[in-house]
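Below are two complexes that have chain A in common, paired first with chain B and then with chain C.
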Partner chain A sequence: MHNYMAKKIPGGVKIAVCISLSMIAFVTRTPFSLAALFFCNIVVILMFQAPLFLILKECRFFLVQTVIIIVLYILKFGWPSGFLPGLTLSIQFVFFLLPGLILSHSVSPAQTARCFSVILPHHLAFVLSVCIHFIHNLMEEVNEIYEAQIMRGARITAKELCNPANWKDVVNCLIIPTIIYGFMMARQISMAAKARKFQIDEKRTCWNGE
Partner chain B sequence: MGNTVLTIQDVSLRYQTSHKNILNHIHLQITQGECVSIIGKTGSGKTTLLLAIAGFIEKAEISGTIQIFQSQNRHPVGLILQNPDTQLLSQTVGEEVAFGLENLCVPPDQMKPLIINALKAVGLDKPLDFKVKHLSMGQKYRLIIASQLVMSPCLILLDEPCGQLDQPGIDDLCQIILTLKKNGISFLICEHHARKLKNITDQFYEMDKHGHLFQITPNDQPDNNRNDTPADRRHLSEVIIQMQQVSIGFDHKKQVLSHLNATIHKGDIVAIYGKNGSGKTMLLRSICGFIKPSKGKILICEYPPIPAKLRYKAGILFQNPQKQLFELTVFNELSFKLKRLNIDDNTIQKRIQGILDQLDLTDTMHESPFKLSYGQKHLVAMASILVNRPEIILLDDPFAGIDRQMAQKIIDALKQLNREYQSTIIWTSHEIGLFQSFSTQTIMTGLKDN
Partner chain C sequence: MNEINSLSKRKKLEYLLFLGFCAVFIFITKALLRLHLNIPGHSMFFMIFFLMLSNRCVPLRYSATICAILSGSMAILFGMGKGGPLLILKFIMPAMIIDFFSYLIPTFDQKYWTCILVATLASSTKFISSFIVDFFLGMDTQLIVYHCLIKSCGAIIFGVLGSLMIPMVIARLKAYDII
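For the complex of A and B:
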C-alpha cells in the first residue's frame, strides 16, 4: 500500500514538494519551526519511499559542514555568542540541501527530465536532471576515494579528524581528488551523451516511459 | 566486396599541448559488414583514432581526411568507450535505449518497437523498466550496444571491449558482433590482444608507439600469457591472513560470497578469480576492514583488520586507480606515504627512482599525474603502492585495460618485492586463469560453495 502510494505520486509533485521544502529552509529560524521542518522532511522521505539508510549515510557530509560553520562562527563572534547562530545557520543549510537528496533518490533522471520538459526545452531539461543526479553519483565515488586514501596513509578516519592538524588531509587527499574526479565524470557523461547525438542547442523529443 | 563505410587517408594528429604526433600517416578502409581490429600497446593512440573518427577530438591539429559514407536513414558512427558504467545515462533499460531516439527527434509513440528490436538484437531479454544498476557488466555492455544500434549506425567503434568483460561476456559480445556483421554493420575494435577477437575479425592492424598503423596477420600476435615463471614459495610458516567461513553480502538475503576458507602465508601470491560481480572487490575491502563479513571472520596477523592500523603494513590498488592520484607531480605522489613513514629524503629519492626506472616512468617524475595517458596513470598509482614495500599488497584487477608488456613489468616489480621483502600479494582478475603461474595459490569467487 505504502509502495503503491509512493509510485502514485507524480514526479512533478515530488519535485514541487522538494523545491518548496528547500525554499522554506531560508525563512525557518526558530527552534520550533526548525523542528516542524525536520518533521516535514521525515514525512516526505516516508511518503516518497526514499531509501532512509542511504540518505542517512549521505548526511554524514552535512555533519562535516555543520562543524565547519560552527567553528567559523565561534572564531568570528567568540564563544558562546557565536555558537547558537552558527548552529541555526548550519541546520538551515542541512534543510536546504536535504530535499535535493530526497529528490535524487525518489525520482529517476528520466522522470526529472520529463517533468522539467513541461516548462523547459527538452535538451535543457535533460541537462538539469543530469545535474541534480550528478552529486548523488559523485558521493558514491567519494567513498571509494576515501578508502583508498586511508590505505595510502591519509589521516582522515573519523577518529583522526578530531585532531585539527589532520584537517588539511581532508582537502588534499579527499576534496581535491573528488573535484578532479567530478570533472572527469562530467566529461565522460558529456562524451557519452554526444556519442548518441545529444546537442545542447538542438531540439529533442522525450520518451513517455513504460 | 561491400560498400565502403569508412576511408581514412594519410591522417596525422597532434595535440596542441604536445610536440609529438599521436597518429602518423594513418590509412584505413572499412567496408560494409566488415570487422577491423587494431591491436597496440596502452597509450599508442588507439583511442585517439576512434575519437578522431567519431569527431570528438578538440584542441588538436589534424591533417589528412576521414570520410564516413552514410547510408540513407542511418546514423553514421556509434562510439562505445571502455567503461560501460560511465556511458549509462539513465536508470532503466528502456530509458537508456530511448536516449538516442530522443536526440534524433523520433516521435515518442514510435519509440517502443524500435527499443524492443534493439534489445532483441543484442539478446538482452529484460523488461523496459528493469533497473540498469541490476545488470551484470556483460549485460551493461550489451545495453550500450543496443542503445547505439537503435540509431541504425553503419559503423560501430568499440574501445577495448574485453578490458571489463569476463570470458562469458566476451563470448556473448563476439556472438552479437557476428550476427550484426551479417546485417551489414561494420565494426572497428581497438584491443590489446588479438587472441580474443580472432573469430570475428576480418582484418588485423597494429598501432606502434609512434602512431603508425600497419596490417598484420593474427599469428603475428604472440599469446604471451605464460611467459612468467612460478614464484618461489618461501617463508610459509607465518600465517598472515586467515579467512574462516567468510560470507559477504549486501544483506543476509543477498550473499555475494559464502563460506570462504583460506589461509595465506607470508610471501604467498594469491590470485582471486571470478566473474564480474562475484565479490572480488568486496573481499579485498573486507581484508582491509572497510566492510565486515556477514558471517565468519577475517584475521590479519591474528587480529581483525582495522584500516587505520593496517595501512602501515598494507597497500591497496582499487579498480580505476587514477582515482587515487591527487598530488601535483609523480614524485610527490610516490613520496606521500614514505614521508608519513618518516623515511629520510635520500632513501625516498632512491626508492622512487628505482620503481620509476622499473616501470619505465622515469621521464614522468616531475610531470603532473593527471596529464599522463590512461596506462601511465595506472602505472603511477601502482608505483605509489609498490614504492612503500608493504608487507601485504592488495590489487583489484590490476591488469584490466593495460597491455601485456605493461602487465609483465608490473609482474616483474611484484616478483622482486615478493623475493626481496617477502611481500604477500593478493590480486584479483575477472579473466579466469590470467597469469596463473605467477601465483602460488588460487581462490575462485562466484561459486556456490567456496
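For the complex of A and C:
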C-alpha cells in the first residue's frame, strides 16, 4: 500500500515538495523550526520511499562540511559563542541539500526529464536529468580517485594542502582524472542512448514497466 | 549518410552530457562553498574554471552558455541564492563573455595573460547581475554600488585564480589526446 502510494505521487509534485523543503531551509533559524523541518524531511523520505541507507551514506559529505563550518565560526567568534551559530548554519546547510538527495533517489530520470522539459528544450532536459541521476556515480568516482592518489603518494590530504606548494598536485592528481572520467562517462551514456535509438527514430522506444 | 548523421548526433549528445557534468560540478562546488564566510565571490573560482573548460573542451557553439544554462537551472530548481529566477543571469553573463572572447581570441587557453584577461571581464559581470538583484530587492542605489563593487572585486580575484589552472589542464588534456 505504502509502495503503491509512493509510485502514485507524480514526479512534478515530488520535485515541487523537495524544492520547497530546500527553500524553507534558508528561513529556518530557530532550533524549533529546524526540528520541524527535520520531521518534514523524514516524512518525505518515508512517503517517497527513498532508500534511507543510501541517503545516510551520502550524508558523510555533510559531516566534513559541518566540522569546517563549526571550526570557522569558533575561530571567528570564540569557543562558546561561535559554536551554536555554526551548528545551526551547518544543520541549515544539510537541510538545504538533503531534499536534493531525496529527489534524486525517489524520482526516475524519465519523470525528471518530463518535468524539466516544461521549462527547458527537450534535449537539455534529458541531459540535465541524466546528469542529476549520475551525481552519485561522479562523487563516488571522485572519492575513489582521491583515495587511490593518496595511496600512491599524492600530497592532497587536508593537512598537506595547507602548503601551497602541494596545490599543483590537486590539479594533476584529482582534477584531470575527474575530467577524463567525465568524458568517459559522457561517451558511455551517449553510446547507450544511441543503442536505444535516442534521437534517431521519430517514434519513442521505451519500456513501459509492465 | 545515415551513419554519419547518427554518429554526429551521438557526438553532440556526448558533448552535451559533458557540459552537463561540468554544470553539475559548478553546482556542487557552489553549494559546498556556501559557507557564509563573508568572502565575496569565492564561488567564482570553480565557476570560471568549469565554464572555460567547457568552452575549450567542447567544440559546440555557445558551449559555455549551454553549461551556464544547465547549472543556472539546477541552482534555481534547488532554490540556491537570493536572486530567484534572476539567479540564472549570474551564470549566463560570464559564460557569454567567455564564448564571445573565444571567438575573438581562439587560442586564449594557451597563455596565462589571455586567460587572466578573459576571466577578469567574465568575473566583472558579477557587478551587473548583483546590481540587478539588489535593485529588485529594493536596496538604496549608493549601497548597491558599494555592495556590488565589493562583490565584484572578490569575484574578479577568485575568477582570475580559477582561470590560472586552465592552460595547465588544457595542455594535459591535449597531451592525453582527450580533446
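The rule is short, and it goes like this: the second predicted complex is superposed on the first by the 137 of 210 C-alpha atoms of A that agree within 3 Å, B and C clash if a C-alpha of one lies under 4 Å from a C-alpha of the other, contacts with A are read in each partner's own complex, and residues count from 1 in each chain.
The rule we apply is simple: a residue touches a chain if its C-beta (ideal position, glycine included) is under 8 Å from a C-beta of that chain, and two chains touch if they have at least 3 such contacts.
Remember, it's a predicted structure, so these values are computed and weren't measured experimentally.
Undergrad: Taking the superposition as given, does A:L128 touch the first partner, chain B, the second, chain C, both, or neither?
TA: second
Undergrad: In the overlaid three-chain picture, which partner chain does A:F38 touch, first (chain B) or second (chain C), both, or neither?
TA: Neither partner.
Undergrad: Let me test your reading of the model: by the given contact rule, A:L120 touches which partner, first (chain B), second (chain C), both or neither?
TA: Only chain C; A:L120 stays clear of chain B.
Undergrad: Have a look at where A:L72 lands relative to chain B and chain C in the superposition and call it first, second, both or neither.
TA: Once the two structures are laid over each other on A, A:L72 reaches chain C alone.
Undergrad: Is A:Q149 touching anything from chain B or chain C once the two structures are fitted on A? First, second, both or neither.
TA: A:Q149 contacts chain B only, not chain C.
Undergrad: Go through the superposed model and pick first if A:K159 touches only chain B, second if only chain C, both, or neither.
TA: Only chain B; A:K159 stays clear of chain C.
Undergrad: Check the residue A:R196 against both partner chains and state whether it touches chain B (first), chain C (second), both, or neither.
TA: A:R196 contacts chain B only, not chain C.
Undergrad: What is the contact status of A:F26 with respect to chain B (first) and chain C (second): first, second, both, or neither?
TA: second
Undergrad: I'd like to know which partner A:I176 touches here: chain B for first, chain C for second, both or neither.
TA: Both chain B and chain C are touched by A:I176.
Undergrad: Can you pull the chain A residues that chain B and chain C both touch?
TA: The overlap between the chain B and chain C interfaces on chain A comprises residues 130, 172, 176, 180, 185, 189, 191, 193-194, 198-199.
Undergrad: Name, in rising order, each residue of chain A that touches chain B in their complex.
TA: Within the complex, chain A touches chain B at residues 108-110, 122, 130, 141, 144-145, 147-153, 157, 159-160, 172-173, 176-177, 180-181, 185, 188-189, 191-199, 202-210.
Undergrad: Touching residues of chain A toward chain C in the complex: what are they?
TA: Its residues touching chain C are 15, 19, 22-23, 26, 65, 68-69, 72, 89, 93, 96-97, 99-100, 116, 119-120, 123-124, 127-128, 130-132, 134-135, 138-139, 171-172, 175-176, 179-180, 182-183, 185-187, 189-191, 193-194, 198-200.
Undergrad: Across the complex, what residues on chain C touch chain A?
TA: By the definition above, chain C touches chain A via 6, 9-11, 13-25, 28, 31-32, 34-37, 53, 57, 66, 69-70, 73-74, 77-80, 165, 168-169, 172-173, 176, 178.
Undergrad: Which chain B residues qualify as touching chain A in the complex?
TA: Result: residues 54, 56, 75, 78-81, 83, 86-92, 94-95, 98-108, 111, 127-129, 147-148, 151, 285, 288, 290, 307-308, 310-311, 314-316, 318, 323-326, 336-337, 340-341, 370, 384-385 of chain B touch chain A.
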